[in-house]
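Note that subunit A is present in both complexes that follow, paired respectively with subunit B and with subunit C.
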Partner chain A sequence: MVSAPRILTYQGIPVWRHVQIIQWAVQIMSGIVVVALVVWFFSNMVGAIQDRDIPSGFSFLSREYQTPIGEHFLPYDSSDTFLYALMVGITNTAIVAVAGVFLATALGIFIGVSRLSTNWIVSKLAMVYIEFFRNVPLLVQLFFWFYIVLELPGIRESVVVADAFYLSNRGFSMPWPTPTDYTVALIWLGLAAIAIVAGALVYRRQARMEEQTGRSGYPLIYSFATAIVIGAITWLVLSFATGNSPFDISVPEPQGRFGNIVGGFTARAGLMVLLTGLVMYTASFIAEIVRAGIQSVGRGQTEAARALGLSPMNTLRNVTFPQALRVIIPPLISQFLNLTKNSSLGGAVAYSDLTNIAVTMTQTAPAVSIFMLIMASYLAMSLTWSLIGNIYNRRIRFVGG
Partner chain B sequence: MASQPTSRPEAILPPRSEVGVIGWLHANLFSSLLNSVLTLVSGALLLLGLWFGLKWIFFAADWTVISELGGRFLLGRYNTEAACDGQNCFWRPQAALIMVSVLLGAAWGLRSNQVARTIAWLVAGVSAAFAFLPYSLETMGLDVRILLLLNLPAVPLGWALARYTPLGTGTRITILGVAIFFITLILMRGLPGLPFLQPVSVVYWGGLSLNLILAVGGITLSLPIGISLALGRRSNLPVVKVLCIFFIEVFRGVPLITLLFMSQTLVPLAFPEDMPQNSLFRAAVVITLFSSAYMAENIRGGLQALHPGQAEAARALGLPGWQTTLLISLPQAIRNVIPAIVGQFIGLFKDTSLVYIIGMLDVVAIGRSFIQSNPEFLPSARELFVFLAAVFWIFTYGMSYVSGKVEDYLGVGIR
Partner chain C sequence: MKRTLLLFVALSALVLVLVGCGDTSALETENANLKAENEAMQAENEAMQAQNEAMQAQIEEGMAMLAAGTLPTGGEGSRLNTVKERGRVICASRDDVPGYGGIDADGNNVGFDIDLCRALATAVVGDPNAIEIRLISAAERGPTIQSGEVDMLVRTVTWTASRDAGWGNYAQTMFYDGQGFMVRADSGVTNALELEGATVCVTLGTTTELNLQDFSDQNGLGITVATFEDTDAVVAAYDAGQCDSFTNDNSQLAALRTALSNPADHVILPNTISEEPLGPVVPHGDDQWFDVVKTVMAILIYGEAYGVSQDNVPSAETGNTKVDRLLGLSGAFGQEELGLSQTVAQDVLNAVGNYGDIYDRNLGPSGINLPREGGRNALWANAPCTDCPKGGQIYAAPLR
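And then the complex of A and B:
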């Protein structure tokens, strides 16, 4: 009894179990859902704008802003336009971001290295610093510094150091170079840039010489000397040729009955508080990054360097730290981004940063447009930091095996 | 019978400068001239700092601003006439606190764990200790004090529930936790129609309880959202991938403050006018999504660090793709980035203080507004913010301590 043989024919995967079809269906569906949501939000928004007569568009940018800005580094007047006021805000944020990044990196590296010190007290002090500043909200720290600065002596009883540095509850003033003649100053700055490039070239040459021959080339000393000598010579030549030096050091000085400080560079209370808070806060994160980076370098590296007779300082500078940099740079860049974004808390301590100015602007200008501009600005700043980080990262990347 | 060695070579003891206290001092503080100088300088700084710090804390500082604010630190303007017209609302947050104590007790009962027990008793103990604050009975009534004391029996109750009732499984306790979170929200918000649960507008929510509610909600939701975003970003479906990248980068590129402000001015416009609107809910959503974007990047880092052999082995053993991800890749990836995840939780908790921008009076904002409206307390601002820093520090440091314990338990870095 032989039953008829069943012929098995391959009929293909059923549609509902076909991986690629499922994947595409999921994608198309999620795409449709997102597009539908966006369209719905957008139509609601357009409807609301028309119904309630909310202003929109970007025509406001050329209108006069007519609101004073507390602190500004670009010259600013209430009759300037919205666009220019936004530029003032971007400059304010950028200045805090750049100054903060430099100071926080310096402090963070110092504390991170202290954390790894063999000295018990130093290491514990660094730990206390990190654990405290990292775990307390920046806002609380900023308010703390804000009220500390408020309790500083008034401007007429400023704390004066060497007749050049003034500290009061209005701010901190210090000597600052100011150009006497803009053309001369610009020419000299151009020449100084050339001097720095020359210094860099000398550094590279001496370093290569050192590598190839084994004789000390003192690259750092030679390069600095080159840059300084070229800078000084061009400075002198320009001074003699034009009759006045490119830059003057302007020293702050109290003037008038109210003791207002004129000249020099004054960081007003808001900037001072914001910078102190941001630097102390971010430094604690950078310190942890530096510590982790240095610890990620194998113990053998340190031991080998010490066995070869390098001093602890030299081991750190020439062996451990350069290798640690590869681990340190990416998270460090994200801390730079965080610092830049955290500067948006400036409004809480009377510093007119970009967010603060933009929030004030929404009272007289369309919020939608302003937010698009702010997002673009912050995105541009983030991209700049990432770009710098990526370029540097590529340079120090592990080459070869 | 073990035989005692009759003679052995005289063992040379290590030099006295290498062992004991002297050895420790030598190795850690005075190993070289430079090190000794460093020790003396930093030691002097430390002593000076301690001397002035302690003198300030115990003698110079005027802590009356803390007692003056009192309950407002915890509840903001919740328990005022304006918030709760003609009715006492004080018991509602108190009841929520007791439920939390029960939950913590249950968590302890579930895994008789030292850390869980400490946390449960600490929370209940501190709450109960508040019952003995030296306020007059008019400012802090007997009913409030009794409700606070009830936190103490709540812990053993939770423990017993977990031990001797069918409630004692991980899943059920988790469900209980989620339920308690929602019951807390309902208790705080009130239900229209119920005579004893009169609605209280969210604008009166505030103080530390607001920070904690935002943080707990955000932490529980940002982890799953972050995981989905991370998986989406790593998926090979182009549409899903692009959407996830766009979401993550937009939320990471803009300061939280800007997003919070946007949530109050723009988001209401994007919904129909007749939809019920709640500013606090929008803020909570924004904080959660913001944190999820960072969480996604942390988890993606963990997934990238995972050896591809793990997933390949799982596939070779016949696990389907979703099981490979859920059972093999994700658990290992998450375990490896616990510090980053907890760091993000801590960041979220700290970020809850930013709700000041939308006018909510959280624990920081209420202190600040108190100082601003009572200029006689202006000199006490320092004390106030030192106190606030200590409050936040206890919570955030506690979180990183627990994370360290969890890492030990999971053997991170050992196996």
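And then the complex of A and C:
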């Protein structure tokens, strides 16, 4: 072998055999490829938009939307702007996502623990649940729930409980607190938040005392009492001061020739179907994650806990589950992301989620811009879940070596 | 080892310059080099921009030539040539509304919209079956035609100014429709103005949503909507009583009523709350293709106006100059300039029939039985006289 000329050596080694240099070269090459690809995709898109005269830009955001939105939790009127309508859509999606995540987690943990039950029936039922809901496409499940809800009685034959709860194939209505005056309501909500913080502080203090002295500190009772007393006092003070109680209970009631429900809170059929579908589907995945997490905790932990005389429930709650959490959290977060993104199927069952509203917007505004906004919104929501997950994950990770 | 060496020769060539002659500040040099590289790329970018501008100029030149009529028709990249080479026409349509776009017992795409696509395929490729139907949802219509991935969009698509500006070019109104309401007969509602506080089912991503909002706002009805992505779900929801009313174009209401569990229990209200001219749309940016589609639609309409239907297409001169010109037996109406065959009308009328044939087959007595006589969708006049009005609005630019 001929030795390389001096110019081709670095630290006495030919450059093509120098590990450091090869690594750098690969890095630079891949960097260039990535940048070139991104530039190519983007210029291709912009070029295509210009070639075909596809309207783009974001000036439409301040125009009036003038289109109906079926279900909205923020007050909405057809004279509101596109931007506000998008916010309405984001809120709708966020509500389904948050409610769905809580319900799916609760159901998933329940099913996952049942799967490990020593009771044969319970364990097999959980298995059947998991295998069924995990293996049927979500859209199919949504249509299944949609047709189930359609089979509920019509609006005039609603199932009524105590003249306040109505269930029909149009949705479920129940009494709901509504603010009589927004300022008063907001002030009280602020005070209520302070009351909850005070309750939490009391809980910590009592719990620490219990730990240190061994005497019962009744932390739950004390903390709830504190929060409720502060909440009630501020409520009364505000009511006397303004002559208005912060919230009234609005009771739903059928009105008009079509008997549609007015007042209270109504979860319309679309929301019920979408939420049920998402929760049942995602819970099956969460159940498997929980099962895997619990099984990842060494058997010795359970045996030691049992040997110390802890009940099976206590073993799960205080020994196994906290350790399992470290394994559970990361994949759990990705299920939260899935649930949030899957809520975009809402349009199939008449729920006005972000995608549903945005797709309608393409009728009167540039589609490319709108889809860029939708992507950004979902990205922001997903990143929020990741952030929450990461913060929680950091809190529960092993401390020290 | 030799192989590894060969593999990395290309890579190392790139970093050669960075390395220098064994000095230790390689990283710094590298950094500087990256910067240089960046600048080089910027320069390249600028060069590309310049090139782009040059191309733009070329295009403008071409446009000028086109305007001056010096460019031969059917340039290299024209859609007409693309379609001829491909051997079939790609249309975006639907298969869920009987009469307009449905599926027959043998699984073929049939319907008024589908027949318009077949007519175009006959004119351009010479075969009514040389079509490819892309099934799309209502909401996908805009992006589909904007991207130019289909040659024609015929999916009960209403002609509006903003769509014409943003989606593509509307060739010709082939059906005059209007939005109406269907309600249960036992609700006692006889007029749409009585729909106060009602829940109305509607399809996602259609003008019907916008019209419904306008109607509700104007009359203070406070209508609540339930928006569904696909038509089957809307019909199921309305049928099960999830909505008090179902709004759509009247023609589609008539078609979809047949799919309800008991059609006789439902009535279509007399109010029409919108103008809905329906017709084929072509992608922006190809005038020749736009003209071809307009001409094919005109052939269908004039076929009926001149009394030439599918079963009596003459192949020899008739002596009637209008008929002879239409059929390419004498004279011309621009076939050559459009890149179509001289006898394009004969082929089209033989293959799919005239406007009336298509209407009768799909929407008339042999279809969903929508009355035509006396309505807007009758011809403006009947052959052979041009001054005996039929009272309709179906009319096209004269073929001469």
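Here is the rule we go by: the second predicted complex is superposed on the first by the 329 of 401 C-alpha atoms of A that agree within 3 Å, B and C clash if a C-alpha of one lies under 4 Å from a C-alpha of the other, contacts with A are read in each partner's own complex, and residues count from 1 in each chain.
Everything below uses one rule, namely that contacts are C-beta pairs under 8 Å (C-beta built on N, C-alpha and C of every residue); 3 or more make two chains touch, one makes a residue touch a chain.
Computed from a predicted structure; not experimentally measured.
In the superposition on chain A, contact of A:378 is made with subunit B only, not with subunit C.
Shared-chain residue A:66: touches subunit C; no touch with subunit B. In the superposed model, A:26 makes contact with both subunit B and subunit C. By the touch criterion defined above, A:299 reaches neither subunit B nor subunit C. In the superposition on chain A, A:9 contacts subunit C only, with no contact to subunit B.
By the touch criterion defined above, A:270 reaches subunit C but does not reach subunit B. When the two complexes are overlaid on their common chain A, residue A:136 makes contact with subunit B while staying clear of subunit C.
Of the two partner chains, subunit B and subunit C are each touched by A:348. In the superposed model, A:154 makes contact with subunit C only, not with subunit B.
The intersection of subunit A residues touching subunit B with those touching subunit C, taken from the two complexes, comprises 26, 28, 48, 51, 54, 143, 147, 150-151, 347-348, 359, 362, 367. Subunit C makes touch with subunit A in their complex at residues 5, 8-9, 11-12, 14-16, 19, 21-22, 26, 30, 34, 37, 139, 142-143, 146-148, 162, 165-166, 187-189, 194, 196-199, 201-202, 204-207, 209-210, 212-214, 216-217, 223-230, 233, 236-237, 240-242, 244, 283-285. Here subunit A touches subunit B in the complex through residues 23, 26-28, 30-31, 34, 41-42, 44-45, 48-49, 51, 54, 117-122, 125, 131-132, 135-141, 143-144, 147-148, 150-151, 341-342, 344-345, 347-348, 355, 358-359, 362, 367-368, 371, 374-375, 378-379, 382, going by the rule given at the top. The touching residues of subunit B, counted against subunit A in their complex, run 27-29, 31, 35, 38-39, 42-43, 45-46, 237-240, 243, 250, 252-258, 261-262, 265-266, 269-273, 346, 350-351, 353-354, 356-357, 364, 368, 371, 378-379, 381-382, 385-386, 388-389, 392-393, 396-397, 400. Residues of subunit A that touch subunit C in their complex: 6-12, 15-17, 21-22, 24-26, 28-29, 32, 48, 51-55, 66-70, 78, 143, 146-147, 150-151, 154-155, 169-170, 255-258, 260, 262, 268-270, 347-350, 352, 356, 359-360, 362-364, 366-367.
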